[in-house]
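Listed below are the structures to be examined.
There are two complexes below, and they share chain A, which is joined by chain B in the first and by chain C in the second.
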Partner chain A sequence: MKRANYIFLLLIAGLAAAVAVAVSVGSESVSVFAPDEQGRAILFDIRIPRVLLGACVGASLALAGASLQALLRNPLAEPYLLGVSNGAALGTLIAFVLLGDVAGARPVLAFAGAGIATFAVYQMARSKAGMNVERLVLAGVIITTFLSSIIVLLTSLLDAARLRGYTFWLLGDLSQATYNGFYMTLAAAVAGTIVLTSQARALNLMMIGERDAFDHGVEIGRVRMIIFGMASVLVGTSVAASGSVGYVGLIVPHIVRLVVGSDNRLVVPMSAFAGAIFVVLADTVARTAIAPRELPVGAITALIGAPLFIFLLRRS
Partner chain B sequence: MKSDLRNSRMPSVFRVKTRQADHGDIRRPVFLVRNICAERKSRAFFDLGFGMLGLGSIEMTCCSVKRPIILLLLILAGSVLVACDRQEAELPAVAEKRVVKDDLGRAVRLPETVTRAVSLAPSITEMVFAAGAGDRLVGVTSYCDYPAAAKNIQKVGDTQSPNIEAIIAVRPQLILVSTASQLEAFATALEGQSAAVFVVDISKLDDVPDRLRRLGQIFGTGERADLAAIEIEQRIAAVERRPRPERPPRVLLQISEADLFTIGRDSFITELVERAGGASVTAEIPGGYPKLNKETALALDPEVIILSDSSDNRNPNDAMKNSSAVRSGRVYRVNADILSRPGPRLADALEQLATLFRQEPAGN
Partner chain C sequence: MLEARNISVRYGPCDVLREVSLSLSEGRMVALLGPNGAGKTTLLKALNGTLPAAEGSVVLDGRPLAELSRREAARRVAVVAQENETKFPVTVVDFVLSGRFAHGGAFGWERAEDVAVAERALAECDLEKYGSRLMNQLSGGERQRVVLARALATEAKILLLDEPTANLDLAHQAMIFRLVRGRCDAEGFAAVVITHDLNLAAEFADELILLHRGGLFAAGTAEEVLSEANIAEVFGVRSLRDANPATGKVRITPIF
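Take a look at the complex of A and B:
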């Protein structure tokens, strides 16, 4: 456990460093230590909420990915690839269209969408013989494409001007960050870290096999409900705040496992920190690469994430 | 085509197309949620999922990208052939042809008199009406709502996705395409068929009177087109004779509020703002319609904010809440259609902007 403590310290220091770097660079150069009035506005109204939101979104998605991978015993289980993000995106779109700016409508419907998508994928993947990897992957493909087609249908039918903001956002975009969005995702990420880490022992046993876990007194149904529910909350809040940022939930837990092994008591909380670092840095690139224009952060995470994942896949 | 997003360093998985907005020719980078998202996710899944299962992903992904295009081309080719057969039967011996150059420099063969034309952009529809040939239009897009008479013309799809069957059904001799719509592939598909495809590119204010005259030549309404062109030239000259503010106000033209799309170096609106006596604060940013970073928007501190009026663009972005423009109340909405369609109503936009730029701050 001693090594694990060092890694934890390293991750916390890494997150602090990433936040420090992200806060000190941007499309405008601002003196962080002695900002003038305009500099203060840039730092406190725009840059800091965005960096903090990015950290929480990264933590949430990585937590959801790590716990879903353990629960489903599937390295591909990731909110984005399983259609959970798409469910949340559709929920947000529906809230956007029907309820407009009603406070709280988007995260709530995003959570509902994520939950329904998770449940649907799980039901489709289940068979009498238990879960198998192929069925889960196929169920994810089907749910993802089905939800995408509904999103396409809705966006085609609706007033294009109203949906313009939505479309950029769907690629994963942190530019509309607010403190409210940050508080919401922070609450979800903290709750997620605590709740999911508390289930880590059960997840460890379930990774050996559900029967073994049952023999060790794990209430499998209850654990499953907690993980699915918490993952839906995490994905719902982060998608409502920043769209579907892809690949975070996939590669971050994999990298953490490479370093610390597969003990979920370490993998789950460490993924939260590593995910936060990853998204904060990716968004820093998105903000500055072609400044003063912007890229969606989802493009950067996928650009880094997809090749990295293929590399990890070939290594293992 | 020059779209700012394509110029930018986007990964190819995220090939984002710019789409035309609902009401204009403006090359507004609306990210294609549609197919892109569906495709990107399912492709990602194919790549990873099936690759992992050892089903061999390469063929699948290739097919999934190419198949729709091939299919589309087949359908296009097929329907064009069918239509040609039919047309040759219905319209024997088309009169002598003449050759004109379009704005892409392509040689376009036209019949001596063009009586049936289709316009595939709202700006072109306005141009054709202004050139005195509105009665020759037999097909327009669903966005073509000006002048009022355009609403009664047969709709042949929208600007981005014209319906080729509907176009052929109205038996046009000439199809007018705007470069703003990025329909080159479509134009190529119809190339050499009985309907001529003429590409119109209006990238600056002075192109408007010039293209009006060109359309007059094409339709044989030269006199009326010339009058319309002269009127626009006089209105532009009148605006430029007006007394100017000592220093051009620094203007931010906001196209959408939340995600802060604005006008860049390649937009004709940037030129319009300058001709009207303003200085666009985003004039140096590469691309046509860049998404502006909020920090930069705040730092640019515009003195005037022009909102291209649409349902997602009612107020200045939050980042500008303490800008000179907001504090002095110099925030104005301008009809998005006249601003974003490179057509005859750019003269209206020019006049309105020139008036707004000269208005004193409310407080003084």
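Take a look at the complex of A and C:
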């Protein structure tokens, strides 16, 4: 059997193990095998949806990161750092403030926000001379801070109690997990894995060079639209369900590439599984590190991701 | 096989190519000559659709190039561009296999057949032992041969080569021109080659096209195109023309 197949099996087993561990630990000690009534409520209403949502959010963000990095030929491309997550956050917030709880409004506006932010950052980063690493990162910073200021403006309209919930949510927080959120992100993650993997060979060519890929039969514009569209769906659904968990799309594909090399046909689907494992474990730490109090999961991922970002930036 | 009819190409308001025609039929090797900035690369890019022609049309196997999908075009026309660099480390064999993209299925894993084609192409370019090396660790000349190997791996019958021998030593220059010539003679290939080496062009090409300031200056055989007067006019260099004693082909010696 090929090495890649072993790694896939290992990732699936690792995900199962991570989910099992995450479900069985928490600030309340609950017997997983013979829970009492209160324990059952904690397990099924709180912990399990939270862990499952974390897995799907991790998969979605890692998928978006891996494919954006290949498309933009930039190992630093990441939905959170490019401002895509903030676009989705603003969309979610607008849905919440203006439309209240209209069903489906949040993910749809989150998707729209992510899509607009992606397009804006891409247009700012490309120049006649082509695209370089620093220009993209700078464009991301500008979009992020601009969107943040609008978000702050909008949150100031909220009352104090909701405001605290929102600050947590903005940092990336899984504590409000519901089964509906899980189903939505699961659908996005499964679709994302299939759609993005189907474009992986074209992405391999585009990493070599765009003109080069065109010469060899890649419809550049179509691939770009598919990747941007799918990444926006993935980030939009994730952010609508759990806020902006940062750096997952940076850390996970980077580690996967260290193990399997740069072939996107492996990097993209493996990032989905590895991202799921990563966020499930990070959220377990967030829940238990200072129990009974909790940290937002985004604080944990940023703690790991920011130093890695500096390392990658120095190396490029 | 491939025909450009009166094409003009513009970057912004200025014409970089004005009403140039070119016809490439099976078995023919056409050399594209001219000073830097004469429009050679632009013409090559227009021939495979990278740059759309503002006027005129490019016809590939009887159909306008613009109507073909990228995959269809890539299966028929292979390009060796001047230099390409990649930041992500790619092995030589993966790079050559990327030339098989247009033959691939939806989820794009290479079949045994693709690998065989790639290995044959590597062997033909004198690169058997390079398969596992990384592209960004090769010398300029080695990289150039890998890029040609990938063009061969596409199995396209039309080759568009942009200075394929610019970084190569004498032996590999001859090897590449012989390889392309051989494919044209034996397997029905056709090639357009940009080169600054007038003698290589005279030695190997059936037809020479001399571009000057975006327009067609002269076209025909080496005897017709490579006159001392033409070279003085286009390149601004005096030269001496005689025949190569070994092959009898036109030989140009610049007088510096």
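Operating definition for what follows: the second predicted complex is superposed on the first by the 298 of 316 C-alpha atoms of A that agree within 3 Å, B and C clash if a C-alpha of one lies under 4 Å from a C-alpha of the other, contacts with A are read in each partner's own complex, and residues count from 1 in each chain.
Here is the rule we go by: a contact is a pair of C-beta atoms (placed from the backbone, for glycine too) under 8 Å apart; a residue touches a chain by one contact, two chains touch by 3 or more.
Here the structure is a predicted model, which means the values were calculated and not measured.
Enquirer: Will chain C clash with chain B on chain A after the two structures are superposed, or do they fit?
Expert: fit
Enquirer: With chain A as the corner point, what is the angle to chain B and chain C based on their C-alpha centres after superposing, as a multiple of 10 degrees?
Expert: About 140 degrees, rounded to the nearest 10.
Enquirer: Go through the superposed model and pick first if A:R201 touches only chain B, second if only chain C, both, or neither.
Expert: second
Enquirer: I'd like to know which partner A:Y166 touches here: chain B for first, chain C for second, both or neither.
Expert: First partner only, chain B.
Enquirer: Just to be sure I read the superposition right, which of the two partners does A:E219 touch: chain B = first, chain C = second, or both, or neither?
Expert: second
Enquirer: In the superposed arrangement, does chain B or chain C reach more residues of chain A?
Expert: Counting contacted residues of chain A, the larger count belongs to B.
Enquirer: Which partner does A:F309 contact after superposing on A: first (chain B), second (chain C), both, neither?
Expert: It touches chain B, and chain C stays clear.
Enquirer: Which holds for A:L68: it touches chain B only (first), chain C only (second), both, or neither?
Expert: Neither chain B nor chain C is touched by A:L68.
Enquirer: After lining up the shared chain so the two structures overlap, which partner does A:M230 touch, if you call chain B first and chain C second: first, second, both or neither?
Expert: neither
Enquirer: Of the partners chain B and chain C, which touch A:G209 in the superposed model: first, second, both, neither?
Expert: It touches chain C, and chain B stays clear.
Enquirer: Return first, second, both or neither, reflecting whether A:A105 touches chain B, chain C, both chains, or no partner chain.
Expert: Touch status of A:A105: no partner.
Enquirer: Let me test your reading of the model: by the given contact rule, A:S262 touches which partner, first (chain B), second (chain C), both or neither?
Expert: second
Enquirer: Could you grab the smallest C-alpha gap between chain B and chain C in the overlay, to the nearest Å?
Expert: 14
Enquirer: Provide the residue numbers of chain A that touch chain C in the complex, in ascending order.
Expert: Residues 73, 197-198, 200-202, 204-205, 207-209, 211-212, 214-219, 261-263, 265, 316.
Enquirer: Can you name the residues of chain A that touch chain B in the complex?
Expert: 26-28, 30, 38, 41-42, 45-47, 75-76, 80-81, 86, 133-134, 137, 140-141, 144-145, 148-149, 151-152, 155-156, 159-171, 173, 175-176, 246, 287, 289-296, 298-299, 302-303, 306, 309-310, 313
Enquirer: Which part of chain B faces chain A closely enough to touch in the complex?
Expert: Going by the criterion above, the answer is residues 4, 8-11, 13-14, 16, 19, 21-23, 28, 30-35, 37-38, 41-42, 44-49, 51-53, 256-261, 264, 282, 285-287, 290-296, 298-299, 301, 310-313, 318-319, 322.
Enquirer: With touch defined as at the start, can you tell me which chain C residues reach chain A in the complex?
Expert: Within the complex, chain C contacts chain A at residues 48, 50, 69-75, 78-79, 81, 84-90, 94-95, 98-99, 101-102, 104, 106-109, 154.
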